[in-house]
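Next come two complexes, and both contain subunit A; in the first it sits with subunit B, in the second with subunit C.
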Partner chain A sequence: MFDAITNYFSNLTPEHYFFFLFAIVAIASALEVVMQRSPLYSAVALIFTMAALAANFVLLKAQFLAAIQIIVYAGAIIVLFVFVIMLLNVRAEESRLDRFTALRWIAAPSAIVLFAGAFAAIRFSNLDTLAPSPTAAAAGTTERIAEVMFTKYLLPFEAASVLIMMAIVGALVLAARAKEYDAELSGIENQEVPPKPEPEAQPEEVEVS
Partner chain B sequence: MLPITNFILLSAVIFTIGAVGVFFKRNIITILLCIELMLNAANLAFVAFASYFGDTTGQLFVFIVMTVAAAEAAVGLGLVIAIFRNRETLNVDEANILKL
Partner chain C sequence: MTLEMFLITAVKIGLVLFIILTAVAYLTYMERRVLAFIQVRLGPNRVGPFGLLQPLADGIKFIFKEDVIPNDVTRFIYILAPITALIPALMTFAVIPFGDRLEIFGKDISLYVTGFNVSLLFVFAMTSLGVYGIVLAGWSSNSKYSLFGGLRSSAQMISYELALSLSIVGVLIQVGSLDLVKIVEAQSGWYGMQWNVWAFQPLGFLLFFIAVLAETNRVPFDLPEAETELVGGFHTEYSSLKFAMFFMAEYAAMITASSMATVLFFGGWNGPGASADTWWAPLLGLLYFAIKVFAFLFVYIWIRGTLPRFRYDQLMDFGWKLLLPLAIFNIVFTATWKFLFHYYDLAQYLPGWMSGK
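Let's turn to the complex of A and B:
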C-alpha cells in the first residue's frame, strides 16, 4: 500500500498537479453546493464546479467542450437559476424538522453503497491498462466535432433542437398558466376588464410632445 | 496523459455528491442544482472515455447532454415558479398533492 503511494508520487508531471488542483476545487465546490443552506450560494458554488470541470476537459484535450461548458453551463444555465432564485426571493432554508426524517437515514447508506459500487467497478475493470489515444487532440477540435455532428449524427442534433423548442413552449405554458390560476384564486377574472385606451390617440400626443 | 482512472474516480465522487444532495436536500432549486452536478459528472466520464479512445462520438454526446440539461433547467424552473406561486414554498415535501 505504502509502496504504491510512493511509486505514485515519484513520477508526477505538471499535468498531475493541475489535475489534482482542479479535482480538489471541483470536489470542494460540489460539497459546497450540497452543504450551503442558501440556494444562491449553491448556484455560485456550482459555477466553480463547472469551471474546474472545464479545466479537466482541457486536460483531456476536449477544448471545444471546455469552452461550451463555460458558455452554456456557467453562462446560461446557472444564470437562469440565479434569475429564478432572485425572482422568487428565496430565503435560506428553514431549519425546522423535515417530515421525512426516516428517509434521511436510508439516504446516507444508499449514498455509500452508490459510491462503493462505482469504486468497485472502477477498481476491478482494468481501466489503467487503457492507453491514451494518440488521436485524442484531433478528436476534440471544433472542426472534428462539427464534422461528426452534421454528418453522422445529424438526426440526434435535429432531435435536440426540437427538444429545445418543446422546452421553450413548455416553460412559457407553465408560467402563463400559473398566472391564470393566480388570477382565478384572487377572483380577478370575475371583475370587468378595463377597456383598452384608443390607439388613435397616441400619435397626436407624440406630435404634441 | 494521466491514467483514465483519475478522471473516472473524480466523476464518481462528484456524481455521489450530487446524488447525496438529491437525497438530503428538500429545497427544489437545490435539488435541480444537484441534478446538474450529476449530469456534469456523467459528462466528465463521457469526455474521459472519448479522449482515451480518440473518438469524437463521446464528446458529441456531451454536447447533447448539455442541450438536454438546458431544456431540463428551463422546464424545471418553470415548474418551480408554478409551484411557488401556488404553494408559497420551495419545499418538495409540501408539493404532495396534484390539485392546484
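Let's turn to the complex of A and C:
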C-alpha cells in the first residue's frame, strides 16, 4: 500500500504538482461559488475558478483556450455578473435564498446522479488506456482551433453567431420597450401631462436678393 | 529546467519589476512637472536636484500614513480590491518584448521575461482583469461616490474593450501571429522602419490609442474619478498604501498601454541600426523601445493638460457609435487587402513601393 503511494509520488513531474494545485483551487472555489450566501462573494469565487481552469489549460498546452477563458469569462461575463449584483439590492437577495427549500431536496439527488454518472463514465470507459495522440500537443494552438472551427464545425459556429445576433436584437427590443414603459409610468404619476408647447411658427425666411 | 535557466529568469523578473516600479514612481514626477510647465508653473522642484527625489518622498509619505479602514466597509473585499488592481497590471510585463536577444558571457539571453505563442492575448486577459480592482473597491467601500465611480468605470471599460480588441485585429491579420515577439520582428523591414502604423494600420492605431485612453481611465475619459462630481471616485474611501496601490496600478497600466502601442504599431525595438549584427545592436533596440514608450507617456500627459472631460452620454455614444463601426471597417478593409494581395498576388501588377515589399 505504502509502496504504491510512494511509487505514485515519485513518478510525478512538476507539471503534476501544478495540476493538483490548480485543480484544488478550482474545486475549492467552485464549492465556494455554490455555498456562499452573498452573491458578490460567489462571483468573486467564480473568478478564481475560471483562473484556475485557465492555468490547467496552459498545462495541457492549450494557451489560446486559456487566454480566451480569462478574457471571455473572467474579463467579460463575470464583470457583467458583478455589475448586476452591484445594481440590485444584494441584501434583499440574501434573505430570499432561504425560501427555496424545495430546491434543496431536488439538489441533493441530482448531485448524486451527476457524480455517479461522472464516475461511471471514467470507470467504464477506456480513458486510461488511450494513448495520447501525436497531434495532442498542437490541439490547443490558435491555428488548429481555427482550422477545426472553420471546416468541421462551421455550421455550429455560424449557428452560435446567429443565436448571439438574436440575443442582441432581443436586448434592443427590450430596451426600446422599457423606454415606452417609462414614458407611460411618468404619464400616470402626474395625471395632467402638460401638452407640449407648440413650436413657434417659424418666421418665413425672407430671401434677400 | 535547469538551475541556470531558473536563475536567469528570476534575475530578469526582478530587474523588470524594479525598472517598472521605478518608472511608475518617476512617471508621477514627470506628469506633475510636465503638467506644471503646460500650466506655466514650476511643479515639484524642492526635494533633491530639480525635485528628482520627490517620488521617494511621496513613497515614504504613503507608507507612513495612517491606514484607515472605515467602519461599514465589506472588509475582505475592501482589502482585496487594491491587490486585484495592482497584480494584473504588473503581470503584463512578463510578456512585453523590450528588446531582442543579447549575448552575455557567451549565453544567448532574450531581453524579455518570457514569450509564448499567444502573448498578445495574455496582455489582454490581464488588462481585462484590471477592472475588478475598481469595481470591487467601488462596491465594498459602501459609499455612494465610490459605487458610482465603480459602476461608471466598469461600464466604460466593457464598452471600450470591444473597440480596443477589434482595433488590433488589423495588425493580427497583417502579421498572422499572436506572438508579440513575432509581431515586432515582422516590422523590421525598410531599414527598421516598416512599422505597422504607416504600413498599413493608421486607422487601427488611432482607434487603439483612443480606446486605450478610455481603458486606462485617463483624461478625457476619466469619468470614474471625476473630482467635481464624485470626490475621488472608486478610491474615495482608501488611504495610505492601499490608495498607493491603485495609483501604481493606474500608472503601470499607462506604461503597459504605451508599450503595447510601441510593440503593435511602432516597431517595438526596431529602428535604424537596431538589427545590425553588432553586440550593441540589442542595447540600441532597448533604447529605441524606451524612447518610444517615453514619447507615448508624454502624449498622455499632454492630452491631460489640453482636453476637457467628456460627458457620460457622449462617452458611450463615442465608443459604441463611432469607434466600434470604424474598427469593424478597419478589419474588413485589412482582410480584403490581405486577401487580394496575399492570395491573388496583385502586387506583381503594381510598382514595388506600393506593394510594401
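The rule is short, and it goes like this: the second predicted complex is superposed on the first by the 146 of 209 C-alpha atoms of A that agree within 3 Å, B and C clash if a C-alpha of one lies under 4 Å from a C-alpha of the other, contacts with A are read in each partner's own complex, and residues count from 1 in each chain.
To be clear about the criterion, contacts are C-beta pairs under 8 Å (C-beta built on N, C-alpha and C of every residue); 3 or more make two chains touch, one makes a residue touch a chain.
This structure is a prediction, so every number in the text was calculated from the model and none was measured.
Partners subunit B and subunit C, once the complexes are superposed on subunit A, both fit on it without clashing.
With both complexes superposed, B is the one of subunit B and subunit C in contact with more subunit A residues. In the superposition on chain A, contact is made by A:49 with subunit B only, not with subunit C. By the document's definition of touching, of the two partners only subunit B reaches A:107; subunit C does not. Using the contact criterion defined above for the overlaid structures, shared-chain residue A:174 touches subunit B, although it does not reach subunit C.
Residue contacts after overlaying the shared chain place A:75 against subunit C, while subunit B stays out of touching range.
In the superposition on chain A, A:21 makes contact with neither subunit B nor subunit C.
In the superposed pair of complexes, A:33 makes contact with subunit B only, with no contact to subunit C.
When both complexes are overlaid on chain A, the residue A:64 reaches subunit B and subunit C alike.
Once the two complexes are overlaid on the shared chain, A:160 sits against subunit B while remaining clear of subunit C. Using the contact criterion defined above for the overlaid structures, shared-chain residue A:120 touches neither subunit B nor subunit C, since it reaches no partner. After superposing both complexes on chain A, the closest C-alpha pair between subunit B and subunit C lies 14 Å apart. Annotation: subunit A residues 64, 68, 76, 80, 85, 87 touch subunit B in one complex and subunit C in the other. Across the complex, subunit C meets subunit A through its residues 74, 77, 80, 116-118, 121-122, 124-126, 128-129, 131-132, 135-136, 138-139, 147, 150-151, 154-155, 157-158, 161, 178. Residues 15-16, 19, 23, 26-27, 30-31, 33-34, 36, 39, 42-43, 46, 49-50, 53, 56-57, 59-62, 64-65, 68-69, 72-73, 76-77, 80-81, 84-85, 87-88, 90, 93, 98-100, 103-104, 107-108, 110-111, 114-115, 118-119, 122, 127-128, 130-136, 138-140, 144-145, 147-149, 153, 156-157, 160, 163-164, 166-168, 170-172, 174-175, 177-179, 181-182 of subunit A are the ones touching subunit B in the complex. Of all the residues in subunit B, the ones that touch subunit A in their complex are 1-10, 12-21, 23-27, 29-30, 32-34, 36-37, 40, 43-44, 47-48, 50-57, 59-60, 62-64, 66-75, 77-82, 84-86, 90, 93, 100. Interface of subunit A with subunit C (complex): residues 40-41, 44, 47, 54, 63-64, 67-68, 70-71, 74-76, 79-80, 82-83, 85-87, 141-142.
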